[in-house]
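Think of it as A, B, C and D in the order they're written, each chain with its own count starting at 1.
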């Protein structure tokens, strides 16, 4: 690790213990300043094993360099909180331009596909930027009583930073995959599943065999994004949901059955993309010496047959489901089931805190589906659209979610690189159907 | 018109009287053979004023040459009906390849963006192909009692041909617009509205001020596409729908208010497209001598302030609605209202049979919205997705609709280039949100 | 042939006898008005077998639709001659824009890659345009004594039209090749060679075994392009030139020896292009039923082993020469030899007047190389650059040649689709090294 | 500077004194081992002020990351010398693939435009690679008597490394220019000229007013590239050469006279490029606060009116010359003059050893042109083609120069970022005519 990175392993929060309780509600939650410190520290802890050079590279336009993520998350606090503090002086005059992602309301942005052309500011300067922002945020957060907007925006900023923690991991995986040397972020991570995946079973949706109205969207006092609101009733036809995600060995059957050669299984756009880009397997799969291997954050690994298949597009998920005689769940079906889970399922999910950084085989739960939370983001069959009555927040903050409600599909449940404290049953993630570099997977559903 | 085109104006069905009753149900409907003749004749009648050269050009990959449409619609009957007739010999060995659009189940297809590179078969040969198919279809349709599949597929083929009639018109408009000579298909068409548009009013959705469950999807015995099924209940929150489409003069206010310069009004993908392509107005608008003009199938025309704005993308429709403090209706809201219209509204709509070939100002209806059917396709806020329980037909015919359920938005209501007999309240049209060359427009909705 | 094309076979000049003596000098030459009529008539005669639709298509940006060529050549006379005639009114206000190729000095031009998007003006209108121009040119040319500029520009216009006659043929070949129906312009043309090619022999350059100074460039009173001037001395090292062009069977040996798989034979740009575009053989070659065939203006034909290989890029010519232990001649070496040929060699060359429209096997000439004139354009190893002291003509006419002296290679000798009266030993043709759709071939040279 | 870069300023060769006499002939030259050490040390010295992140970025496909240059130059010695040493083991199994530039004869190469995607090997590992190679080369060079091939290839490797030293500088300039922070490699470099440029005068070519034969190509015993051979006679018409390069203020006149708006001054390809890319001035010029500035290796600087204009394409050089009523010299004219210069002109030229890293105003030499060597590479009017009788070396080494003889123009004379010991009058540099990021400039010539 380059010397100029301003924290040493000893002072960093251990990855495993850093369940920063950002989202928890009620009396037990940490003071905001503590949550701030823990989330900010985790971002840096995730980068501990990176070399200085690793922070710089952008392997495709969708990917951002690690140092850009570290700077942009700081820019968020600077822009939406510190800029209003009397007497605050920005760390650097150009950073407002360089590290604005897409907030037109704040100002123009450096061209996104060129983020990897910037060798400066250096990694050390970015860490200095973080220190500067942390210092001023520390002062700001000393007393937040009666300062609802500060609390609200800081909380948003912390969830924003948690999203970028996941982006740091999925982006660096893509960077490393583009390198023939196949570097590993954590050579010790991504171990194979310790036990086989249980057989797939089906669970009825909450309404049983009848159609029913379910309330969908965030409820309660805790944090949520605006796109999870307003909570509203949705009419669901009877359906069943699979007990776990589709595994690598199941997906391999699809491949070996000619799945990638059978046009009738595919959406038209998916088939066109498959042919243009030569897709034959999930993104990070590779045949070596007669067997399938997979690039992980722990390096190249033989494919774990019991782990959930990961890194496939919506098109592949949809084609697999059709081949299997099933379909993808709607985001409403998914949420209706997830809302019935006990709170403990969240705690034992495979999230970033586990340190595995890769999905692993499901356990068989007696009375409910497993793996809904953690392991892989599950592609739904729902387009990402506003809930009835949705209104984004006023001002530039309103650009956070609403303007992306076009050409994207909803994913649910979080993944092995998501923070436990970042996810909830009503959480709506979204990506274009072609995206494969997030930790995306499949769970089947079917009409009852 | 080149002499080799094998029909003369005298023998052609007059455009105005050709309401081929393909879709009507019950005793009054024409025998299938008559419907076949009328629909087929209309395709050729629409081309009467074309020069031979006009049939050849493909102005962008989404557009097909007129002669391709005339051949492909014949290919449809040949492939899905005549091929099963014992002893039938295809007109030409290569046409199965050249005029297959996207049916992978039938076989490979000539590369779509290259359709405009084919000078052969000639226009005359394509008309000969039509004659050949008509001859054999005539024999096949002589007696269709007890031959349900023939009736079903022929009916589908006629609706398919009606869709291509609309494509012929919207594609040739694009071809002519690309030509600095600005040719007109019908110099006498596209006259300005004879009276001002009535003021915009709001109508409550069917459930009034309460949420309610509506049945959505096709009902009854008549023809529909598979994507309109199964009919199913949908829960609607209270809403209001505008009494008519947005007019050119209203849209002009949006432009003059800086609509195309105000990023916060736009979906992110729309804003990116606007900047990349330099959008400043709907597709066919052009400033000349200080005033706005519009390319129509009747040639360049001064903008009719009272006519519905036409040829805009979903992004522009959505941005306009946001600017107006409203939103686009969902496809379910739209259908719930349209299902309540009297049958006479369909008859007096502005469809292809009117010969106007351009939208015109709405009339004020006392108790219900006007213009829902005809004039312009209305962008909904709904992504094009399968209805719960949807299953495409088996075999290659199943590729008709289902495989396109990705990255598209639903449009409703038909347009001034749609056949009256082709449209119905449950009809779901779909285009990518960037499409501007169909006859697309906007109707506003809002929460009640 | 569409009826509207305003000439009938009987009134057209027969292709074989139409050696319009544009370029001849001295007393025997035709009056200019006669030359004008003959050249103009040949352009139309070449199109006699085209269908109306064939005139419209542009199969790649470098290709122009036939009707564009017919109009542009008329535009040339209208712009550079008739526009100066008092009282002359242009045929159509938009044609100055539509049919200007690249003369910035005249005005802006319609976007070249979009020429195939124009269905109008129709073919009939273009023939009317030609008639209009011919009428006025007829008047202008009635008496040209003392009107040197008229003579000069008309002569240039006729040579210009002859170049476009060749372009009409090579462009329509490309259009037809893009069509799976593989239409033939002249089903009777492109017959195989009647006798084997003679063995390849070597001829010493004019200076024999010593270096020597040769004068290069146009000499004498006849017409030439500005790029053939000024005549100037060039120092040549001793060299030898092959007795004929490389044949198909010789080129096949190169292919079968792995020529397209051996990077060391290729210029770096050529190797990159070969890999990007998947080149495995000359442009129009195709394997069918185990044997090589070739698309010609007479349709698909089995490869003639004795005919010169045609339709290859400079890169392929250069790689072949390297494989053969030889090299391409410089344009100066080529001209030094060609200047020594008897005038009769020009007359018996395989030019457009032969009606073959395809190269054919060489005859063995006793004392000199064969096929230097006609059959195929021969790639030289010389970049297309100005001769010392070169100055283009003043004004827009000066854009004819000079501004293209960049990134192109010189070709020499004319081809089977060139007019006899258009070619001469000092003639410099030029194309980018990647061009394959002209009638390009190879002759070898080597150091003595 | 990151700690892991394995040299400190004190142990590095001072930039100013490092005239490594690679190319000198005769008794006075250094032993090869000394030359090796000096050249290798200079590569690292040039990078002294770089941050670790700067080594990683590739700002366009033509540019390579600094660490790639440092590794590739080592790969050259490893591949062409050490690989033949019995018992030598390559430093890393993948480096043969990663750091091969374009030698197909050696093996496949990592995709060039992706060099900037590689964060690994790290900078420190690349320096370790250099040490490893230096160690083994040191052993190999201890005694080179009777080992001509080792001497020859090592000498080639050192000239190769000198070329990459220039590439390191021109590439990093491009990287820094793409960064809105506009970093400077050497904030103290690129000072303005201390005195005005002398008036432009004209010198006759060596043959005076008559045509004459000159010998062109390398002569003598010293090192040269194969493309400078064989030496051969060339016939030159009388010409004159300008006394110095075109200055910024002269070029500014061209701009202000509408040079970039006047199509008739431009080659067709250049005009198309100007319009596509929006060229309005040389690459690194920028208007700020009403005056022109220029990005240099010393950072942004007000334009020095007396310095030679630099960073323009062949198209701009050619257009300027046409505007000025002159032309570019051929490479033969240039060399004929340069061959007459006294050896001292080389010594006092503005080369990399001056530390200026930017061109500076010419001095007026009494009897001969100034600035022929150093300051800027001078675009000639000659295409880069083989000399008569040219043969590349056998084997992969033969790919060094010969295969690039296509689509490139010759540049002569070296620049302010070239080593003194790397240049000579017969040296032929080459770039595509569109290249602007090398240190390219213009010297005028004219017919006498």
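Going forward, a residue touches a chain if its C-beta (ideal position, glycine included) is under 8 Å from a C-beta of that chain, and two chains touch if they have at least 3 such contacts.
Every value quoted in this text rests on a predicted model; they were computed, and no experiment measured them.
On a Cα centroid basis, the chain most remote from subunit A in this structure is C.
One finds 47 Å separating the Cα centroids of subunit A and subunit D.
If each chain is reduced to the centroid of its CA atoms, subunit B and subunit D end up 61 Å from each other.
Rounded to a whole number, the gap between the C-alpha centres of subunit A and subunit B is 40 angstrom. Residues of subunit A in contact with at least two other chains: none. Chain contacts in this assembly form a single closed ring in which each chain touches exactly two others. Residue ranges on subunit C touching subunit D, taken from their complex, read 102, 104-105, 211, 213, 232-235, 237, 263-264, 266-271, 314-315, 381-383, 385-386, 388-389, 398-399, 403-407, 433, 447. Within the complex, the subunit C residues that touch subunit B are 2-4, 51-57, 59, 67, 94, 97-98, 110, 114, 116-123, 175, 178-181, 183.
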